[in-house]
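Below are two complexes that have chain A in common, paired first with chain B and then with chain C.
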Partner chain A sequence: MSRTYILLTIVAILGAAVLVFLPEKKNQKELDPEKLLMEINNSSRYLSTDLVAHRLIEKDPSILLVDVRPAAQYGEYALPGAINIPLEQVLLIDNEGYLNRNDLEIVLYSNGDLWADQAWILCARRGYKNLYVLKGGLNHWFESIMQPKSPSPGSPSQDFDMYSFRLAASQYFGGGANIETNTENSTENVIIKRREKKSVTAGGC
Partner chain B sequence: MKDINRTHRLTRAIIVFILIIVVGFITLKPPKFEYGLSENEMLKELQNPDNTVLPEQMKQMLSSGGKQYLLVDLRNPYDFSRGHLENAINIPVSEILSEDGFSFFEESEKNSVNVILYGKNQLEANGPWMFLRQLGFNNVQVLAGGYDFFHQLEPGKADYIHKPNYIVEEPVMNFSEFIDQSTSENIKSVTEQVKPENVIPIKREKKSGTAGGC
Partner chain C sequence: MGPLIPMGIIPDQWNSVMAVLIGVAFGFVLESSGFSSSRKIVGLFYGYDFTVLRVFFTAAVTTAVGLAYFSYVGWIDMSLAYIHPTYLTAAIVGGLIMGLGFITGGFCPGTSLCAVAIGKIDGIIFTIGLMLGIFIFSEGYPVWEGLYNGNYLGSVKVTESLGISDNLFIFLFAVMALAAFYVTSLIGRRIKEVNY
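And now, the complex of A and B:
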């Protein structure tokens, strides 16, 4: 009997020794290269400026904007509610709490979309989910949302809908597109009349 | 007799167990593709200007004719067939890890020939470039501006020296100044045109004490 136990112990010790000398795996969460390429080739990470503007105006609580430009540029101008994580700091452990979340959709943006996309790829390799990139970045934001161009007369009606949305959005975000047309109707007398209660309330229940 | 039987069973079980582990180790294949660059090294590479080939440089390289580089077109075969840079090879993004695609990159690295990637724009080539760099290919560069920009570079079509729009991360305007200006205009026009609104709130009068709920 005791021989079997000795044998068992030896096997267990051998197994432990093998485990000790196994090559160290760096990061278990790291995405497979093949999967990473598939993610890179998938363009669903790009969100249009119109979509993001819509969600910001609606005060969608499930969206968080992350500005990946240097702190100086962020200090000068940033989209409303955006936090700043410069590209060089994207991989810091401290920022994982912001970038790797299940409850929020993180939208990365920069002046164009190159830095944001680079940050996205670095994060994708780490297996972060729910990350998006603002297509065209701030440059396109200012071209499309802040200074919308009116569609040509023959355009389909969707173009006009989009144009009127962008006009309203530019107002909302502090741009100055066609202010004159919108301030004309602002001299209304608003009289708020509250309905009077005529009888004594008898209380709930 | 019983004891001997039990030991036999135990040893047999142990042998089978060990055999399974050994077979597992033997049949374990190493992953097909592995990263050759850590994420932090990749981050550093992003700051390295040697990784991008500017359109002007590309133009010179094309005209000088020296063949120390290979051009890879990452767009789809249809776009490729409609026009591409001279001597470019078409490897769509999804084909990079296919047998042909991957052996192309492996061979070019062995022969230490620079590979210049380009897509429709720089963004399209950026992902595949970062991917190949992270796999450890050090000979891969990316064409700034991409095909669309380079295509307009034909003489007389675009003035690229004064309009470096391939530098996508250059802000097109001073954003904060734009906002300041438009908001001050906003305030002006608001004070000029908007008359104070007459808001007459009528308060509800209480007629009797409420009896209170519950």
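And now, the complex of A and C:
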């Protein structure tokens, strides 16, 4: 056996032996606190209910709604196409496939802003990209989209445009505005598809 | 910063190109280790040539130790690495079939292609058999679908099922490799050298 061969074997064994005694190290990538603060203060993460409604109506495939409320509330009512990841499960490794996406814009929502914002901070600290929060949450969704109020006479014309959009959206989402026959809120049955891990071509020797 | 493709440092579209390049390098190593000779490969089974064991143990130990250090200094995020899912039934049955084919044919799929590349007739016959096997498997898939998907354990790591740390396992594995090298070198000294 050649000397180099023995030497290289010793190197490999020593390398492996040192590994055992390496101190535990957290290799979690986290956003550094100053950057996080900057992002928290940046309000561009908020999407208005009108914008989200518009994109839902257009069936925009690049948006994924994530409901961070408990499963029971999600079962009662959820936005069409939304998946349910309760706040306490946001950090589960199984959910990383949904929340950490380069190809989709993730819109977090809850009843108000609070839970969605908390989920947003947790995910942002993990370094996830493309995260948004539905401004005002479902409460504002009902006020603005499902039961829009007619603007007072003399309001600027944009308000009326918005109102007519909201009326149409309300009909689309099955809200109660001006439609007496359709007062039920539709809860679409959403089938959650687990995103498969990207399968890499498997190979043996 | 790694793995390079999942982190977007190398665009996704390069996936296949990288696969081809790595495949070529792999074929080169197989050929230069003498693995395109079926006698060398079955030598491990009959106990006169232990190159296969040395090459694959060396490759596994080097990679494991290297990746562990890369992960430690933060060059690679091992949570993004692809872990092949375990289908226990298929692994056992497939392992038996592959082992049988290994001994009777004298090649594993990769080395048979190396043998084809240098024009070995047994390699060509083996590859035809390989294709035939793939054809039969694919056409008869409904018949062995249950077997194929049986006992699915998900993407488990051996350290998770043993409940020990990755690094400890790598060390034990390296010690095992060292023991195997030593024992085979003892055996190697006692037997007559075989020339192919």
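Basically, the second predicted complex is superposed on the first by the 152 of 205 C-alpha atoms of A that agree within 3 Å, B and C clash if a C-alpha of one lies under 4 Å from a C-alpha of the other, contacts with A are read in each partner's own complex, and residues count from 1 in each chain.
Please note the rule applied: a contact is a pair of C-beta atoms (placed from the backbone, for glycine too) under 8 Å apart; a residue touches a chain by one contact, two chains touch by 3 or more.
Keep in mind it's a predicted model, so treat the numbers as computed, not measured.
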Touched partner set for A:Thr9, first chain B, second chain C, both or neither: second
More chain A residues in contact [chain B versus chain C]: B
Which superposed partner A:Ala72 touches (first chain B, second chain C, both, neither): neither
Contacts of A:Asn102 with chain B and chain C, given as first, second, both or neither: second
Which of chain B and chain C A:Leu19 touches, first, second, both or neither: second
Touched partner set for A:Leu91, first chain B, second chain C, both or neither: first
Chain C-contacting residues of chain A that also contact chain B: 1, 197-198, 200-205
Interface residues, chain C side, partner chain A - complex: 6, 8, 19, 30, 56, 58, 61-62, 64-65, 68-69, 71-72, 74, 77, 79, 82, 84, 98, 108-111, 155, 167-168, 170-171, 173-175, 177-178, 181, 185
Chain A contact footprint on chain B (complex, rising order): 3, 7, 10-11, 14, 18, 31-35, 38-40, 42-43, 46-47, 93-94, 96-97, 122-123, 126-128, 130-131, 134-135, 168-173, 175-176, 178-179, 181-183, 185-186, 189-190, 193-195, 197-205, 207-214
Residues on chain A engaged by chain C in the complex (per definition of touch): 1, 9, 12-13, 15-17, 19-20, 22, 25, 27, 29, 93, 102, 197-198, 200-205
Residue ranges of chain A touching chain B (in the complex, touch as defined): 1, 3-4, 7-8, 11, 26, 30, 32-34, 36-37, 40-41, 73, 76-77, 87-88, 90-91, 110-115, 117-118, 121-122, 125-126, 137-139, 142-143, 146, 171, 174-177, 179-180, 183-184, 186-194, 196-198, 200-205
